[in-house]
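What follows is a set of structures for review.
Okay, so chain A shows up in both of these, paired with chain B first and chain C after.
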Partner chain A sequence: MRRLSGAALVTPLVLVLVGVFVGPLLVMLPTSFHPYVPGQGIGTSWTLENYTVAFTDGYYREVIGRTLWMGFLVTFIALVIGYPLAYFMARTTRTWRAVATLLVMFPLFLNLVVRSFGWIALLSNRGVINTLLMDLGLTTKPIRMMFDMTGLVIGMVHIYLPFMVFMLLSSISRVPRDVEDAASTLSASPSRVFWFVTLPLTAPGILAGCTLVFVLTISALVTPRLLGGPTFKVMSTLIYDEFLVKLDWPSGTAFAFILTAIALLVIWGANRVARRVAGGAA
Partner chain B sequence: MKGPPIWVTAVAVLVLVFLQLPVIVVAMASVSTTSYLTVPPVGFTLDWFVEVLTDKDYLEAIQTSFLLAFAATAGALVLGTAAAYALHHRMVPWADALASFFMAPLIFPAVVIGVALLQYYALIGLRWSFWGLLLAHIAITVPYVIRACLTSLAGVKGELEEAARVLGASGFTAFRLVTLPLLKPGLVAGAFFAFITSLDNVPVTIFLLGPRQSTLPVKIFTSIEHGGVDPGLAAISTLLILVTGLALVIAERWVGFSRFV
Partner chain C sequence: MAPRHPATRHPAHQSRARRIPARQPHRALLATVSALSLMMVAAAPSASAEELVVATFGGSFLTESETCHFAPFTEATGAEVDAVVGNTTQHAASIRAMMGSSEYDIVYLDDSAAQQLKNEGLLSVIDKDALTAAADIDPRAFDADGAYVVFMTGATAIAYNTDLVDTPPTSWADLFDEKWSGQIAIGDVTGTSGWQFLLAVNKMNGGTLDDVTPGIEAIKPLAQDSVTLYTQADQLIALFERGEIAMAPWYPDRAGSAADQGLPIAIAYPSEGAVGIRPTLVIPKGAPHPELALKYIDTVLSKSGQECFAEKKYAGPVNLTVELSDKAAAIVPYGPTLQDLWFLNPEETAANLPTWIDRWQREVTR
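So, the complex of A and B:
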């Protein structure tokens, strides 16, 4: 009876997910092994070329390399500027923590397109920052910040920073104050306490935050498209163009699976490291 | 208890300002009297707001967006709560594996789900249909409901529901009158995340829309892509900012949902 009602509660959701998540991925798999025939679409013969070309063609390799480099830069910067903020939130008064939480959460819930639009207004050649710099006489020509890595990284850091801050915050909040106090009592300087006590204790939070931000960054479509433009491509915008502009679905699906494999690999690797660290500590 | 060092506070304040920067810029640009985007704004006008709110295309996109977000949230809430309840009480075999499966749409790059659905819907004839779009949105929003629900269920004592059963309540009545009210904060938080996620989504939606359909974020996205950056876009964006801010404050006041982040 219990089994029966359990199945009744779970089955509808399983059906929906099999129908619109597993099914589509399975249907997409064979497409990635067919050649693209210009004018006709998906060919009928079988080939591995869609995958091999991603690693042999210079252009595709550049796009993959750029995607990973962007993921690394965004993760690193989000960690460096997110840690002080999370630390502040963990150690300040209740009121300030609540205010800061709302201020971090607000951009998180704000529409992604709107946030990217804000960065266009700030970073474009006739945008706020360039106008300000030119008015102050600091530069005569606008500095190019869009359609290249600079703008992309700034916008992406802004968008994924809240995830990093919340991951770090929950980790820093769990550090027992007694341990830090004990180190201070034993005459460790505040910076020593931080580097040798607080930081190592928050390592799991750092790992979780970095994994999340990296995976979200390499998967993002909207911001790279709007701030990178049609020419400065990353993997997700490449997939978008293969499907909607070039109509080369076989190549697009192969890239979709490569991107998914990278994301899953990063998550799997991070889990292994986390388990090993936790196991070593116990 | 001593607070954080002064330089940490300074960096924290700067980062908080950085986080609000694009919001402030968009809001300021929306009231400019110029026909191009400029900050600080030149003069002050609300004409752009009137213009977008009387634009038929925008109104249709707004309607589609909200209809989709409400329906997807309702669907995710019903399916997600039912499944989370069964998982929590281990009423099904392989509960852990199922939980991972339900969370999987969160891990897969959204653009991958989008292109996979494009081909699949074209194949089974669901392309450009609202129902196809709705099912896809339920799949990408249900992880938030499941997570919030499982967190809340962990804090609800099972004995309470058993007591109700002993006193003669049927299974569903016991759930409705005892467990459900205790789950409310978690459900509100999960619903809020689900709603925002659906309302925000571009990478899945954009592949499934027909030529004459649009949702609000997709419409703004394509306008920017085609170079149409003007104060009208800033105005519609500012409206979204206001709605989001208001929803956030209400949800926080109502259930203090920042606990669930």
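So, the complex of A and C:
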């Protein structure tokens, strides 16, 4: 009975996922194994080249590597900034928590394009920051902060920080204060309590937050398009170009599947680690 | 509030009426919104009998199309025009995705994209004999197999800032002049002016369409020195306005519109010949209203439609009976500048464009 109602509860979601996600994905799969002849269209023969070229062509390797590096940087910075913030929010008074929650959530109310444009206004060569620096005489030439990793990472951290903070917040709030108190009574210093009790207990939250931010970062399109410009390509913008600029659907599809595979691999890996961490804790 | 507004307690709307402040305008609005959203869901694949779906370009292009083409078309046929805005490749991708059962009646495309879709068998034949304007049209505007018709002549030429540049540029080589170092912007290869400028420079340096190496090598330093690699044509307006750039490969129609708004921009046609742009109209296979679509094409190609678009949008006319004002004639490709235009074979462009993009992304901007 219980199992039945459980199945009934997940059925709508499963149907939606199969219908609008898995279905189209399967429809696209054959496309990725066809050759593309510019000027003629998608061929009918079968080939693996769309996949192999991603690893043999140095340009594509560079883009894939850059995407992963960006994902790592954004996740790492979001964690380093997000953890103290989430810790503060979990341990402070009700009022402060409400204020902090509002502040963290506030960027989510704004449209992604607007936020990215805001960063352009700040970071561009004639933007607020560079104008200020030059007016103050600190620099003579504008510092390049856009169309490279710097701008992209700044923009992405800003956008995905809330996800990290809220994942960590729920995890840190769940840590029983008794355990920390017990460690303190056993004469552990506050830093020792943090490193050996609090942090390990929040490991699942850290892992979940990192996974979420990493996967969101490597698949983001709008921000890289706006802050990365036409020259600083990551996988999502590359896929966009293959589809909508070169009309080369087969290789675009192949890259999309490679990106999906990377995301699934990260989630799978994180799950395994999480299970091990949880197993060790139990 | 219900007692004061008994009218709102209509049983069918009870739940809504309770939440929405109960005044008639709001109900009308609500009804309209819900009806619209229903229509959007239901009517997307089959627009009503008297609505022509036109996939076109945005910005001032759309505004002037409304004046010059949509309005006369509606007046003549009674059919409304529903415009879907996008760029060439987005429209091409849509047509391919709709696989021969198009929701669009008319699509605006660059000639190489039209050629590509023609080769993929996704376009209907345009019956030239059904067009009353056909006799007046430059015969080269029609595709030999009738898959598309060119409705205007544009170009990639040189736009320059009249406040900064005293002697108008006369050659593509002027963009490479030391004097303007750091004050040039060029288009990214993904935009028309980007790959066309690459090909113009390539030709100037002895390259061919099959081998763009000379062009790539020549352009690399310029691209690195470029203020920006623009991806949207109108990005340049702000750069010209602030005096950040002196020159850029750009489109006469955009430059003309910007100059009309009081910006210090003029257009120069390089002596090597500007590169011709031939936007086309196509009727995709399976279009719901092919006959209306033909009438629309007729409107666009008509003398008045062409004249209006040339004067307002600075689109080079393909209707040979059109006579331009001196002002428009100086901006659009017309007379000698039209004669000198370098037109690329759309078949070759479609076949080579991905290679040019690849090489640019790997060798110029990497």
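As a working rule, the second predicted complex is superposed on the first by the 262 of 282 C-alpha atoms of A that agree within 3 Å, B and C clash if a C-alpha of one lies under 4 Å from a C-alpha of the other, contacts with A are read in each partner's own complex, and residues count from 1 in each chain.
Convention: a residue touches a chain if its C-beta (ideal position, glycine included) is under 8 Å from a C-beta of that chain, and two chains touch if they have at least 3 such contacts.
Note that the coordinates shown come from a computational prediction; the quantities given were computed from them, not determined experimentally.
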> After superposition on the shared chain, which partner residues are touched by A:41: those of chain B (first), chain C (second), both, or neither?
Replying inline: second
> Touching A:231, do we find chain B (first), chain C (second), both, or neither?
Replying inline: second
> Is A:241 in contact with chain B, with chain C, with both, or with neither (first, second, both, neither)?
Replying inline: second
> Any idea whether chain B or chain C touches more of chain A?
Replying inline: B
> Can A:59 be said to touch chain B (first), chain C (second), both, or neither?
Replying inline: second
>> Touch test for A:264: chain B only (first), chain C only (second), both, or neither?
In response: first
> In the superposed arrangement, does A:31 touch chain B (first), chain C (second), both or neither?
Replying inline: first
> Where on chain A do the contacts from chain B and from chain C line up?
Replying inline: 243-244, 249
>> Quick check: in the complex, which residue numbers of chain C touch chain A?
In response: 89-90, 92-93, 96, 113, 115-116, 119-120, 188, 190, 228-229, 231, 242, 244, 347, 350-355, 357-358, 361-362, 365-366
> Which of the residues in chain A end up touching chain B in this complex?
Replying inline: 2-3, 5-7, 9-10, 12-14, 16-17, 19-21, 23-25, 27-28, 31, 81-82, 84-85, 87-89, 91-93, 98, 100-107, 109-122, 128, 131, 158, 161-162, 166, 177, 190, 215, 218-219, 221-222, 225-226, 236, 239-240, 243-244, 249, 252-253, 256-257, 259-260, 263-264, 267
> In their shared complex, at which residues does chain A touch chain C?
Replying inline: 38-41, 59, 62, 126, 229-231, 233, 241, 243-249
>> Under the stated contact criterion, what part of chain B meets chain A in this complex?
In response: 1, 3-5, 8-9, 11-12, 15-16, 18-23, 25-26, 29, 37, 39, 79-80, 82-83, 85-87, 89, 91-92, 98, 101-102, 104-105, 107-113, 115-121, 123, 132, 135-136, 138-139, 142, 171, 196, 199-200, 202-203, 207, 216-217, 220-221, 224-225, 229, 233-234, 237, 240-241, 244-245, 247-249, 252, 258, 261
